[in-house]
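Next up: some structures, all given as structure tokens.
There are two complexes below, and they share chain A, which is joined by chain B in the first and by chain C in the second.
Now for the complex of A and B:
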């Protein structure tokens, strides 16, 4: 390891924010499943490691009926999979969490880490985007909340500054008669990152929401397509139309996982499968 | 290895660590034994176990969480020790493959790996055993799918997995029978 860092593990949030306000070469450690790889490959040179696992505020995992679900920065992915609240209310998130990496990694990897790492192909963001997730960010100067949609700014880039920390992600209550799912395509069955992943939701008013990853520099919510689709009304016909139209709303590239053409094609296929699955359940 | 009692251990987990002098004191329990060691904060848990404690069961293969050869049980959960800093294990309980046998006798799970020919070169075996152990601890009666899911983070280049799957399945049954007898 190239980095020669020291290690700080505060017990209170304020101290963590203090540490972050002092230096810019501090890296936040929660599950470490991305950070340790970056350290190992010498992609970053960390001088200070801030372990946030002992901070009580960041362990929050609480669902308030009528309000929604708050998921703290220390909540690991396996906890989401085991949660009945997630399975019953945010099905796409349950699906997405279940296909993330391996059991061992999910014991460490956190949801907040997954969004902070901001990989365009990360599995959890599409499922969070369709539920209008918001991100609670804290720094010495106070707390701010931003929609997840605006949180991502580029490949591995977010609007988080070096002095800030994500406290939690909040998912508003979806209410009754709301359903969603997440499907992804990978090169091999197992622990690959997705080639394309699509999350769809039909809310209580019968409106569709669409989230997608690995087809642009950030995970996307396809609001323009949603509007057109919802204006048409959700029918088999309009779903087929949107499955074809989706290619005009995404800008995938070719890389080791897939060609651009295959991504464009699979986005439509996965979208159609998701929507059909949701329609079937309704019928 | 020093002995300190349980209360001290708990106090330490909560302890605030701030290591400006590049050495930190790590206290944890490994296979039932309390360990207190001064380490560099950059040291990985895997390297701590192998290089410092000379527990060579956990293996380093990919070094990035993909293969499971370095799997150990940390506070009851299977984790890849190549992606964890040793100091993160402060105050915790770690079980490695060396902690599975009792009084020189292989555990039921280990015996089943032998009976079912679930290993050839053996490189993946300690990791396999720890994933299987954690699985059976949280779920003594797993379905076939649950076994596959629980073991999916461990790669094997030799056996083709079927024997490993069989060993875990048999061990689950034998462990349940043993529990009913006692």
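Now for the complex of A and C:
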């Protein structure tokens, strides 16, 4: 590792925001599971590392019935898996968290880190997108909230500026009779990045929501396809139609992990399996 | 035991094995287990020395380039840097069978990842920073991308191939080409055989390079005195004595000037045989005034810089009669060995006697080309080419049986090697050669093979989304080693009657320490706790062993140990005879005593003779008990360069795998439900460790079958240079069930009849899975790995042959 940096571990959020406003080349350390790889592979030259693990506001993990769930920047992925709230109300997120990396990494990796790293193939975003997650962003100038859908701007790019940090992600209350799941294809059964991952939700009004990763420059919510599918009504026939149609809504590339052809194929297969699984459970 | 067929087959599964010996065959826990699981075992990675420096290396980003200029000045100016070396500072040539490599690339780089400069500094961080300050200007050249480029020979990876020093008469570099060695074998008259055939089938099978991935990456410490020839090495290496010899060749010094220490090694799989980091570190140490210098590889360096298993293409043409008799076989193996020959040429050579499959074929020809390309180079890897050649042969056998409409089990049994047959090298198969048919029958029975699925079965199962398939494949392998390979062991008895044993081999996981201890316990009839095999092997005190490779140590080390024990017993009988006033022929041993066969109460304890025997009056006879044993390979010869005729095999180990898999017809995911693996190993030495070999080998074979493979960009830059995209199987990828089957047709010259079984367990797993995939889907796949993607896209294509 060639980066030579100073290391700051503030105890209050204001101090962290001060550091961010002062030093533009600051990298935030929460779980560190992506940061350490970037440092080791010399992908970044960090001058300042801001460790946010000691900031109490960022440890928030609170569910208010009727409103929703707020997940702070320090909440690690294994905490999501252990949470009954997540398991009962946001099943796709529970599924996605359960297959992210390995147990040891999930003890360090955070949900907020997973979105801030903005990998197109990240496991958690599809599940967050179908629940209309919002992102709470803080800086010296104040707090703003943006929909997760607008948060991603490109491969490893977000609308976060160098002076900002993500405080938490908020998932609105889904209500009764809401169900979801996440399925993904990988190269092996053990710990791997997803080749394609699909999250589907059928909400209390019987409307489908679709999130997907590794098929475009950012994780996607397929709203246009959702609209067409919901207009047809969710039936086995319309699911098969949408499983075929999904390829017109995504733009995967061929890379070392998979060919474009296989990603297009598996997007349809996984979508179909998610929806059939939800239909079966309903029946 | 006679060669039994399917219905008479007998075998012992895990847990049911019963040995007729007191110690040999018993499932002892590994001697090194406690030390390793408690973290006390010391590896080269752990070693630190007074005054030690740390090295880091700079690697070429280009597959083929001229080095136009190197500027070391900024690196040299950094505080804490003791030496910066590049190609122009040394001309150390390195090589096993061909001295085709420089310790540091000079003038030209031949693969992306090759070392172009190195630094020694007081800390690893300083060394790393210094490396980043070295400026290198390259003139990028067009690379030799693949086998086709290489065989076209428009660009030569080594311009001077005819001048490369090599082992003559064994390897045959072709002038003005990229062929590092062309080896061939010929038996009978293949042309006449093909003319006589009812069906001639030609196919091409391919597989990519894969990585060894030992838990401990390559690491070594070298202290090279700049004022004398002395070089001291501590290395994570398989073969201290081979390393000593190769270092002496490279530095043009006496072997006795080189000292090699090998502590515990954290896995190797062939990747730590021969010589790797040591010459480079010796250069750095000399340039640093002789300080010990440590260089440890990162996982990424393992993938980019250190050697692989070669990619391979097998072109096979087989002639058969309608009744299934194979009348001719003609095979060309092309090995994509990368930039340097290393062990790769020997893998290529081995294919001409190990690459036909365990079949009795009167007319057969094999040509094996080890080919240079501008890729990371290849070396030995568990299986030594047999996984690759049997991917070709055993898939071809399956496809032939499809074309002939004969059951694949019957087809193999019709052609299988039996006593009286000869191999392609002309070796006579006897009752003690081991029985491939016993192995095949056992595994076919174990998975309940009743013949291939019909098209109707497939259609019915297709609707469920998942299809089961069964397949099997044969295994054969003999040690690849020089005909005059030798090993030696030394036993010393301590005052308390314990044996301290020294061997020249390295136990890098295979269990040599425990197996040899069991043989000592058996021969001397003492408890296992009274035998200790010394674990740090070094060339200063340990007896010689050629190389810890080739799955031959149980055989050779075992024979040497039996001999040493016999000599120690003879010494004790000599002393006891004097003490008991009895001729040695009336003495025997047991329970730690030498005793009179007619008067068992007249006896002397081993421990009372261990340091010399003292009479009651204090007078002493005998002396400290030390015995040595040797094993020299017997009856082997080099192969005829034109026909491959000769005696290459110390012992063949035959085997077979059968698999039961389930394929997801949409995703292409393969789940391995069951693997049955049978090996004719002659005699189980330690059932627990054989089982470990089987499970480990099966897993590694599954990696080659459905997952692993290097991927290169059009510029021959490695695209999966880390664990992110260069995957190996995990616990979750294990088969649901692995059933090991040990066949024990004894090898007359093996210890207790034993043959080696280590590499073998990995071989042919891909072939068996490929054959099962045909059973499931009715599709033939010709390229590895059988990833979900390759399987699914094959299904979608609607084709029946996927290349």
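Simple rule for what comes next: the second predicted complex is superposed on the first by the 283 of 283 C-alpha atoms of A that agree within 3 Å, B and C clash if a C-alpha of one lies under 4 Å from a C-alpha of the other, contacts with A are read in each partner's own complex, and residues count from 1 in each chain.
Note that in this section a contact is a pair of C-beta atoms (placed from the backbone, for glycine too) under 8 Å apart; a residue touches a chain by one contact, two chains touch by 3 or more.
Just so we're clear, the structure is a prediction, and the values are computed from it rather than from any experiment.
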item	value
Which of chain B and chain C A:33 touches, first, second, both or neither	first
Touching partner for A:215 - first (chain B), second (chain C), both, neither	neither
Which of chain B and chain C A:53 touches, first, second, both or neither	first
Partner chain in contact with A:6 - chain B first, chain C second, else both or neither	first
First, second, both or neither for A:193, with chain B first and chain C second	second
Which superposed partner A:259 touches (first chain B, second chain C, both, neither)	second
Those residues of chain A which chain B touches in one complex and chain C touches in the other	1, 190-191
Interfacial residue positions of chain C with respect to chain A in the complex	125, 128-129, 132, 666-667, 669, 706-707, 711, 719-720, 724-725, 727, 729-733, 787-789, 792-793, 796
Chain A to chain C touching residues, read off their complex	1-2, 185, 187-193, 195, 256-259, 261-262, 265-266, 269
Parts of chain B lying in touch with chain A, wherever the complex brings them together	14, 16-20, 22, 24, 41-42, 44, 63-66, 68, 71, 77-80, 82-85, 87-88, 90, 131, 135, 149-150, 152-154
Chain B contact footprint on chain A (complex, rising order)	1, 3-11, 29, 32-33, 36-37, 40, 49, 51, 53-54, 101-105, 107-108, 190-191
